[in-house]
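I'd like to ask some things about the structure below.
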């Protein structure tokens, strides 16, 4: 496991929130909060990253996440290049590393990497020069750390605390990097009552999500929850194995206003997007008064600015 | 129908030229003229849009139009992000709106939208926050307002007036957003003799293009015209229905030097591009002395700068 | 043949290194050297190209070369737009020119063109307005001039001279634009002992590569070489004609440490990338102490900055 921290303890890479010290997470949330602006206000602009080059290296398409990182970097004054790379699986690791060495030789300082295969961001981080930082923008089913941070920031803004909260993560936990990063963030930040809610076929292995209560019905899972975090379900999984089709999924696991009423009256509803409206979430919940889904997006660019500022700002002396 | 104007009468969105007051069109043309530079001169640069973010959201590929908007925004100092989104038609409206809400939450101020389906730009405009502007970069067969403006600007530069002009629009009128936006612009600007020239199969419904004379031959349609505006014909339509194949189309409706001689000696020739040379237009006309096709392109970036400057500049107080 | 030089002798286009006067090549290498920074240092930044627009017009995908040109232009303060154009082969020349005229009318100053067909960059250069420059980023099997310059710069940095060097270019010479541009560069710069090493099926026609010794084995070709320049072999050619499959190719023509030992002890190993590790080059050579492959990449962006600065800087008075 590549260490994400430099010898002086500062943050160099962000690959996973697992084992990231609480102080680092809190510092990033604090810093991100400073970049948040209300809708309609001008976003914060600075030249903190002038002369810095950020490359978005995505082998899996994700327009929203790419644009969020791109705007975060540009608003700090960095130059940004986008690469959508299609790599055949054979010799993929090697090709990826050669691409990374190329970017490094082009004086790229930060590589934002999204990949459908496990281990790629870490492989890159283990091989780049000491002055280069690697940020994961989504790795297989394993990790999506900036998503985890923006989820935590959103909860903090609306609840003001983590201790004493009941947080339910609902949906395809088994295949979700969003769930895993949220789990890591909420655990370290002190959420005591953390629940995962899923059909049996979408439950993770027993060894994972230690300390979480497992529920197979919304009725028990949402009861008195402060935070209801819905996940996207891949249509491709529908009808497979023990999984019901879309209509039956919605009937059993879709978040409707009636089911949301099981949670606390001031519960917030989150979703990482893109949403399957009418499958995992009803439109009147997605767009309703308890939804903070758009806050999540706004917080996403703030979190990415914070992470970029942190890894570059702290490298002085190390670069 | 979403109003394109703010309560104070200023321009907020640009979705269509239909019903847009003449004063607004003239103001945009005036402003655009100020951004026109001769070939080889440096383009105008400013920081009028510093801190503003423009997103090009194209669900239909169009490199030229995208680059024109991109350069217009960059030359005014805005940050630009490009999104090429492939949306399945099912639930397209909802997915599009979720993408739009995401962009809005990322502090995007202007969304430039191109879509092959009717109603999408208006749907977006009806749903964004009050400080966000939506500009259509081409909507189905319905509207292409910046193209209409650049066509009007080109005529104004070469003819100095609209009253008293004879303008012939030639080709696939039925399916053309370019024709519709030109029609709206020329009508409101006072072109009295406005003609549409097409094979019967490509004529629009009788209720459309009110006030235009309809011609099915170039011989009558081009007679003494001051402006000959050719349209692109989709090869896919060739051979269908009552439409002749490419060679026979050229023989009947292609603009050759001989046919251009039917128009006034100082007539100008326009085309929105991309051209099918040898089908709707002969190369020696496209590249000949009466062609102003490249002026149209140059005017396009000026018009887009004017529109961007207008919608952002006029939002002060409303944002 | 379009002249690459302006009437005053300054460099306007860069399409090929063939016939380019030695003084121009040396001047570009000198200028590029000034843009080289060690790994980890900030790249040089300037506003020399502020107000200038560079378009990357690639009809053949090449992420690395595109990013190298993009960063070169941005670090000099230019605006950059990227176009990936898919052109059907029918009427390709005309469509390409119309796209180019469009870019020119959008006040694009420099067009960087990559195309799989021979003659396209020259066709464009012959048709643009006098103030526009065309840079080839790879043309069929014919020319890749900035690659040739970066190869020469890399040799100069490591060997300090060209006279007296033995340079071996190894691999698919027949289909390689990299080999041709390297050949032109090294010839004019005074490399006397220039060898091409290839299986007979990949040897160029006898009329080409005049003055080069031809070798069909590495044993003779690498003997006492100062520079070993490996080429990428297309997998698609494997198994065709007289060409062995990948394993047998590696067995006969792959650069292993043992074979590299045939060259001089201080020989450097180059490769234009992307590499087929285990086919034309062993990983322990590619990543070994004699490899200067990453220097080539770093030099690539410096060379492209030099070329951009040269063609724009020298146009004063001509524009």
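All chains are identified by letter, namely A, B and C, in their written order; residue positions are counted from 1 within each chain.
In this text, a residue touches a chain if its C-beta (ideal position, glycine included) is under 8 Å from a C-beta of that chain, and two chains touch if they have at least 3 such contacts.
Bear in mind that the values here come from a model prediction, so they are computed numbers and not experimental data.
Peer 1: Considering subunit B as a copy of subunit C, what rotation angle in degrees (nearest 5) results from a C-alpha superposition of the former onto the latter?
Peer 2: Resulting rotation angle: about 120 degrees.
Peer 1: Can we say the copies subunit A and subunit B touch using the same residue numbers, with more than half in common, or are the two sides different?
Peer 2: different
Peer 1: Measure off the straight-line distance from the CA centroid of subunit A to the CA centroid of subunit B, and report it in whole Å.
Peer 2: 40
Peer 1: Could you pull out the residues of subunit A that touch at least 2 other chains?
Peer 2: In subunit A, nothing touches at least two other chains.
Peer 1: Please name which positions on subunit C make contact with subunit A in the complex.
Peer 2: Of all residues in subunit C, those touching subunit A are 37, 39-43, 45, 63-64, 67-68, 70-71, 74-75, 273-275, 277, 283, 294-295, 297-298, 300-301.
Peer 1: Contact residues on subunit A for subunit C in the complex?
Peer 2: Listed in rising order, the residues of subunit A that touch subunit C are 51, 53, 55, 79, 81, 83-85, 91, 94-95, 98-99, 101-107, 129-131, 319.
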